[in-house]
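Below: a set of structures, written as structure tokens.
Shared between the two complexes below is subunit A, which has subunit B as its partner in the first and subunit C in the second.
Now for the complex of A and B:
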């Protein structure tokens, strides 16, 4: 249980390990945000963080292996959104990802996603195994 | 009837040649299912004789770090060909994203297409 949510209370979408398939999970979540009347800035923050988590899962977690899959679980209410993204990979250590805004790393293609998840979501939590990320967005919180 | 999901407008690129530059208008949402195509198309526009790229972003409503990675790849290729990539009039949300990632320190951002054209001496 994370952010006070029981696994059984989460909706689940399981998709093949590619970005076009994973977009289906995103479409479900964005439709729910619209149904609950989330504003543009909050919706932008959630879509961005979800895409960063899924892209990391597809490319770095599952290493673009088409035999693997992505699991997305979510709960959306009037007050907040909780999203979990998991892959079948062996995980990583988030603290070892270099700061993408350091001058020496500005031209590197990787490392921006984790920083953006932390910037745009209220809370972000990685499992010890590093192949599962949980994100919480409190609707009352301003975007950066 | 359910309301339309946000950031769901179709993504498109409108490409125009202007001397030694291509001017590309990005429209809609550059969601994750569009990013590989965006990367390929931007990078292939940079070539000897056409080393400059201007990205008009006023109608682009969403982009992720992967999309920004595509822009950075085009920026690096332009620089390797002694060209320049400039961005024009991003929305406040995307301008903020560029600032957070310090991309605005790497790539010039113009308020108008005219100022980007002038900076690249295209007129």
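Now for the complex of A and C:
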């Protein structure tokens, strides 16, 4: 249980480990946000963060292995959205990712996904194993 | 000046004097799935013209990812290495915020409008 959500209350989409398949999970979540009348800035924030989480799972977690899969669980209410993205990989240490906004890293092409998730979501939590990320967006929170 | 449009799967490329004006053909184009292909197309364009002056117009772009930012950073480096110049214009508020959060507004030359960016090219 994370962010006060019981696992049983989460919807689940399991997809093969490729971005095209993972789009199915994203489309479902975006449709739900629209149904609940989420505004453009909040939807933008969630979409951006979800795509970063999925990209990390497919590329870095599952290392583009087509035999692996991605699990997306979510709960969307009028007040907030909780999303979990898990991969079959061995995990990583998010604190070891260098700060992409440091002057010396500004022109590095990679390493901005996690930073963007933190900037756009209310809370982001990585499991100790590092292959599961939980994100919370409180709808009352102003979006950057 | 009669801009010639070249057919291209992800990009709309026009010419204005010495400047190559590039727009994205689809507003969802900067999603992860297409990034590699767009990056390859832009690379080919840059390789075809030493010292290219390239303006990327974002007017119909409403989404962005870190992969797209990475592609733009690599493109900018490549253009600089070839003594060219890259400018970006018409970036909407939500997308510009991504540039600000990542501090990439300091890496790229960003103009409000394509006309403003073009005027700068002509002066430089």
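Convention: the second predicted complex is superposed on the first by the 144 of 144 C-alpha atoms of A that agree within 3 Å, B and C clash if a C-alpha of one lies under 4 Å from a C-alpha of the other, contacts with A are read in each partner's own complex, and residues count from 1 in each chain.
Simple rule for what comes next: a contact is a pair of C-beta atoms (placed from the backbone, for glycine too) under 8 Å apart; a residue touches a chain by one contact, two chains touch by 3 or more.
Quantities reported herein were computed from a predicted structural model and do not represent experimental measurements.
Undergrad: Quick one: on subunit A, after the overlay, do subunit B and subunit C clash, or do they fit? Just give me the call.
TA: Clash.
Undergrad: For A:40 in the superposed arrangement: first (subunit B), second (subunit C), both or neither?
TA: The answer is both, since A:40 touches subunit B and subunit C.
Undergrad: For A:30, decide between first (touching subunit B), second (touching subunit C), both and neither.
TA: First partner only, subunit B.
Undergrad: Let me test your reading of the model: by the given contact rule, A:112 touches which partner, first (subunit B), second (subunit C), both or neither?
TA: A:112: touches subunit B and subunit C.
Undergrad: More subunit A residues touched by subunit B or by subunit C?
TA: B
Undergrad: So, A:20: does it touch subunit B (first), subunit C (second), both, or neither?
TA: A:20 sits against subunit B and subunit C alike.
Undergrad: Overlap of the subunit B and subunit C footprints on subunit A, residue-wise?
TA: Overlap of subunit B and subunit C footprints on subunit A: residues 19-20, 23, 40-41, 44, 47-48, 51-52, 55, 100-101, 106-107, 109, 112-113, 115-116, 119, 144.
Undergrad: Given the complex with subunit A, which residues does subunit C contribute to the contact?
TA: Contact set of subunit C toward subunit A: 31-33, 63-67, 69-71, 73-74, 76-77, 94, 97-98, 101-104, 106-107.
Undergrad: Touching subunit C in the complex: which residues of subunit A?
TA: My answer: residues 19-20, 23, 40-41, 44, 47-48, 51-52, 55, 100-101, 106-113, 115-116, 119, 144.
Undergrad: Inside the complex, what are the residues of subunit A that reach subunit B?
TA: Interface residues on subunit A, with respect to subunit B: 19-20, 22-23, 26-27, 30-31, 33-35, 37-38, 40-41, 43-44, 47-48, 51-52, 54-55, 100-101, 106-107, 109, 112-113, 115-116, 119, 143-144.
Undergrad: Applying the document's contact rule, which stretches of subunit B touch subunit A when the two form their complex?
TA: 2-8, 31-33, 35-36, 62, 64-66, 68-69, 72-73, 76, 93, 96-97, 100-103, 105-106
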